Amino acid sequence: MQEIIQYLFSGITTGAIYAVIAVGLSMLYSSTELINFAHGEFVMLGAMAIVTLWVHMALPLPLAFAGAVALGCCMGLLFERLAIRTARTPQPIVLVIITVGASIFLRGVAMIVWGKDPFSVPAFSRHDSIEIAGAALLPQSIWIVGAAVLLAGGIHFFLKKTLTGKAMVACAVNKKAAWLTGIPSEKMGILAFAVSTGSGAVAGIFIAPITMSSYDMGTMLGLKGFCAAMIGGLGSLWGAFAGGILLGVLESLGAGLISSGLKDAIAFILLLLILYICPGGLFSAKEAKRF
Amino acid sequence: MVTDSVKAFSKQSLGSCDIECPKDITRSHDILNVRNLTKMFGGVTAQDDISFSIEPGIVCGLIGPNGAGKTTLFNMITGIYRPDSGQVLFNGRPTRKMAVHQLVRAGIARTFQHVELFGSMTLLENVLVGMHVRTKSGFWGAVTRMPWVMREERRAREKAMDLLEFTGLTQYAHRPAGDLPVGRQKMAEIARALASEPKLLLLDEPAAGLNPVETEALGKLIQRVKERAVTMMLVEHDMSLAMGISDKVIVLDRGKKLAEGSPREVQNNQAVMEAYLGRG
Amino acid sequence: MDDNKKKQWTENTIFLVVILGCGLGVDNTYYLQIMTFIGINTLLALGLNMLMGYAGQVSLGHAAFYGIGAYTTAILSGTYGISPWAALVCAVSCAVFIAFVVGLPTLKLSGYYLGMGTLGFGMIVNILFREWSTVTGGSSGFVGIPMLEAGPVSFMSGRNYFFLVWMVVLVAVLLCRRILSSRMGRALRSIHDGENASLAVGVNTHFLKLQIFMFSAALGAVAGFLYAHFVMFISPESFGFMVSVKMVTMVVIGGMASVWGALLGASLLTLLPEVLHGFAEYEMIIFGLILMVVMIFMPQGLTRGLLDIYEHSRKRDKRHGN
């Protein structure tokens, strides 16, 4: 029992990070109809930036945080300008290969900048762990879950309640009609990218203290974020959030109770099952494919 | 217990027979029966309880303003969309369980409103792909190149060239289909559709984008196709073409069937005039 | 038609002469080894090119079939002492069967979903190689794969292995050509140009994609077999995500030009690491850049794109010249 609670705690913690990654992917999809295979690399950039800014350069945490997020946003912006917008034929298969190329490219750059060795980052707050029913709850976990809820809530508020956010969604639904009503769809695309990659960087910052950060951490995280977004149904923010938590808990339970080697396989098996059986996600009945 | 389930079973099979064996079996000589078709896209009712039937050998015009549901109707007859309710019978057989390629083999072919030729392949190859359901060789045939495969290939090519001559496109045979002028592409789509030896040919706005000379040539082509005993449904906005060539006209508006009858009847129909000339 | 045949004959003859020339003329074992690797990679690229270049279906997990071929033969001939040639049959059958089972649901997907599905499949297979260590040797790899022998001929020497690999490549090239010029090949290309139209014309697109997926899996398994018995040691890294990306890069370079495009892509990606000093450091950056730049400017592939530009300029010259 105590063990299971412990697994639940750690599952919810990683799940919250998957949730943030999934929300970023899902948000980009709902405003540009694009799936960014390089999303995980922005998570990695966030983690590596916090290593450099906070651990190595010893900047104050809020400043380092802002710097890392800004880096994520800027790289996303550049990426959109240089690689996505310029594509001659923006069909899915072309964009898949472009974003995969970008992901490999960013990983290669990170390997040269930060080297191959993993870094560890200390916890953000130095409180002792809290004991609940015999299981230890790290303060970092509370940080992470709180930040995830805040971020997802913020993005949700932005898309649903602000004019800019609504305009962004309108662009995805019908670009031409949005253009006719005077929404600058190009600017919306850039903004969507910046917000999405920025939130990816946030996920990276929060995961840094609970794992080792290295140049190749992004691919797995990106794929798991995608898996979570698919569980919740692409384009649905709260679905993505719930999917992330669910995936984290399942992984943690599977790794603890079955075999730790299979931890990563769980996400992928889940991903395939979702793709095959209900590509619209568990929480919505909508079909994802339009003829 | 046992008798109960037997009863239930016989009831069930009787029930299904009601659907499978239509009451008006006397009209089973119709090549196409459409019954109470309904299709929704989100909140849009693209097809609302549409029923009609088509006798073999005729040309049936399908008219209606943009968004009336004409293309959607074609997509359901060809099996690309599944109807929410209602059914389509082709030669008296329900098509609900058939895949698109099976329907093509059974004899339904179509052209697209927006030209969808295989742009990077030559026109001849396009027509050969159109012949896909009438040829057999597969992976092993391709790999072994047995004599029958080569014979089939040769015959297919001859037939494709004949079709290109029939549609007046011989000179373009070895050009990439994407390089053809738009008017020719429309004709090429008809050639490709004819390659599957259809019994029912659905033409979705074949005259859109054609100049008057080409439109006239198209009219003549449709006439000649009709002489080959191919039944046709024709979506057309060009009224003189649609009315001149059709034996029967069906009018759709906002997913509903407004009228059905001879071109003259339809032209004098009050509801149709309203749909076209404006409404409140 | 006849022109085409003549052209193919000359191409094949040149190919054969070049193979013979390289095989007999080159004595340096290092060069022979590199050329053998080029052959193995060409097989991989040929298979994936049929799927991606011609049928237009992306696969980001194709290294899985390469690995399945390699591990099947390694386990059967290394652990159980079965003849490698029998193991080859098993390896290919196994890969084709798995391609069938996986392809059945996966190839119903398209675009991003297909990319994710194939990627997930590749990852699962790789995790299996790593974690099923009692059978596969785990992440430290599989040692003790036997040498290939056929009666009196031993493939111990680099030269014999070179000829073996390139003869297989030649057969694969001929097979691909035959498929492409057939009814099946035309239908495949029609999927690439417009899947909806292809479906509406009566092509059973799902079945066709499945067939070509299985064919490319078979080629991948043969490549894996040749690789395993050549280097005689395999580990999961050789069949991971990066290898799948490398295969995609080969196809993107070769594109839909012809089956020779695959050869070009494979040669380039095999030679680059050998020629460029410190390539390993920059490998990812270079692959990433190639993928992005080619796809942005020449989505039909590098070779096809360059050929198009060349033909375009020649046409223009003709027009101006006359």
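By written order: A, B and C. Residues from 1 in each chain.
Heads up, the rule we're going with is that a contact is a pair of C-beta atoms (placed from the backbone, for glycine too) under 8 Å apart; a residue touches a chain by one contact, two chains touch by 3 or more.
Chain by chain, the UniProt names read as follows: A = Amino acid/amide ABC transporter membrane protein 1, HAAT family; B = Amino acid/amide ABC transporter ATP-binding protein 1, HAAT family; C = Amino acid/amide ABC transporter membrane protein 2, HAAT family.
As the structure is a computational prediction, the values presented were derived from the model and not from experiment.
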item: Chain occupying the middle, per Cα centroid; value: C
item: Chain pair, B-C or A-C, that carries the greater number of C-beta contacts; value: A-C
item: Longest centre-to-centre distance from chain B, chain (CA-based); value: A
item: Where chain A and chain B are represented by their mean Cα positions, the distance between them in whole Å; value: 46
item: Geometric centre distance via CA averages, chain C-chain B, whole Å; value: 40
item: Euclidean distance of C-alpha centroids - chain A vs chain C, Å; value: 33
item: Contacts with two or more other chains, residues of chain C listed in rising order; value: 196
item: Shared interface positions of chain B, touching two or more other chains; value: 80
item: Multi-partner residues of chain A (each touching 2 or more other chains); value: 291
item: Complex interface listing, chain A residues touching chain C; value: 35, 37, 83, 86-89, 91-98, 100-109, 111-112, 219, 223, 226-227, 230, 259, 261-262, 264-265, 268-269, 271-272, 275-276, 279, 288-289, 291
item: Residues of chain C defined as touching chain A within the complex; value: 56-58, 60, 105-106, 108-113, 115-117, 119-121, 123-124, 127-128, 130-131, 196, 241-242, 245, 248, 252, 281-292, 295-299
item: For the chain B and chain C complex, residues of the former touching the latter; value: 78, 80, 99-101, 104-105, 109-110, 112, 116-121, 125-126, 128-130, 132-133, 135, 137-139, 141-143, 145, 149, 152-153, 156, 192-193, 196
item: Residue ranges of chain C in contact with chain B within the complex; value: 175, 178-179, 181-187, 189-190, 192-194, 196-204, 211, 215
